[in-house]
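Step one of this worksheet: look at the structure below.
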């Protein structure tokens, strides 16, 4: 019955990558805590880089500075 | 002052259905806990079926298998 | 498969009240969106009144002022 | 290492306003709790007014009534 | 920079198990999306079984029925 | 109507510090977006250092290594 939320920047994550995240997170809960995979929920949230800040700057700005 | 978040897959939920969810969740908090409806907040999040996994598979894949 | 989170202040909500919130929220999703109740998850979070603010004041302070 | 989530209605918040929210929230955690700004994360979520309810009505409807 | 939240029932999860969840979720984001592990945050939330419902019943009640 | 969630480690944050976080976050939303402070909600969540991971390690372990 566990619930996992994965939040990442919206950099064109593919359906195949999402599928791997869902499978991997589900397996992790089975392996570590013996949870039932059938009721394990995984939700992926994709966040625009303007809306994600770290160190007081948006990721958009940080990437411009890093170029 | 309660806060309710409702997360569903993005299957074309209409404004009327959203309105019913907001009214119903607000009434539930009033009926069960005697909360003030005026300060009860309800937020609905719609999630793409690629981004929602259960049992290790995305809802997109589960629906294809169910067809 | 919907997911509902209900956040309330920790004012001694009883197990019976929690059960009513779980049943009511589940029924709401069935009634409004035709969701499957068996996979509907409801999680209740109880928050200390020091940790909940509205209008720039904690609920603890607001209640003291209201007395 | 703190984590701040700011949820607002999607009323055309500009990149500059988002940047100010990120800077301001980061500074708040530094000023009040002495946290390290470099590891402070701020995420902004913009919510459609149909999906945000208060007092049992969506913000969309409340704004129509207020006009 | 990804952020992962893992919500499980509060069944005496040990510090060692929590450590394995943190390591495993971090590695998953590195393996699938090539994310930087140094800025990957994992937060584990433990929820009382009275506060977690599925199928319209709390986990507390479901476990009593299953005995 | 904005909603702000502040997640920090549970290092004995005082009621006065919580009050400053609530006031500061509310003022930030007023200053940057012109939001109504009366309906701005701020919720503070305190997380045990075993349950917070960064860089693949719990904060508990990171602090032991830093001593």
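In order of appearance the chains are A, B, C, D, E and F, and numbering begins at 1 in each one.
Note that a residue touches a chain if its C-beta (ideal position, glycine included) is under 8 Å from a C-beta of that chain, and two chains touch if they have at least 3 such contacts.
Worth saying up front: this structure is predicted, and the values here are computed from it rather than measured.
**Student:** Just going by residue numbers, which of B-C, E-F or A-C has an interface where over half the contact pairs are the same as at C-E?
**Tutor:** That interface is repeated by E-F.
**Student:** Can you name the chain that lies farthest from chain A, using the mean of each chain's Cα atoms as its centre?
**Tutor:** Relative to chain A, the chain with the farthest C-alpha centre is C.
**Student:** Weigh A-C against A-E on C-beta contact pairs and write down the one with more.
**Tutor:** Output for the comparison: A-E.
**Student:** Chain B to chain D: how many Å between their CA centres?
**Tutor:** Chain centroid spacing, chain B to chain D, equals 20 Å.
**Student:** Let me have the rounded angstrom distance from the C-alpha centre of chain D over to the C-alpha centre of chain F, please.
**Tutor:** 14
**Student:** Centroid from C-alpha atoms only, then distance chain B to chain F, rounded to Å. What do you get?
**Tutor:** 26
**Student:** Could you pull out the residues of chain B that touch at least 2 other chains?
**Tutor:** 1, 3, 7, 21, 25, 39, 41, 43, 52, 54
**Student:** Looking at the whole structure, which two-chain pairs count as touching?
**Tutor:** Touching chain pairs, listed by label, are A-B, A-C, A-D, A-E, B-C, B-D, B-F, C-E, C-F, D-E, D-F, E-F.
**Student:** So in the complex, which bits of chain B are touching chain A?
**Tutor:** Residues in contact with chain A: 7, 47, 50-58, 60-61.
**Student:** In the complex formed with chain D, which residues of chain E make contact?
**Tutor:** 1, 3, 39, 41, 43
**Student:** Once bound in the complex, which stretches of chain E touch chain F?
**Tutor:** The contact residues of chain E facing chain F are 15, 18-19, 21-23, 25-27, 37-46.
**Student:** Give every residue of chain E touching chain A within the complex, in rising order.
**Tutor:** It comes out as residues 1-9, 13, 17, 20-21, 24-25, 28-29, 31-33, 35, 39, 52, 54, 59.
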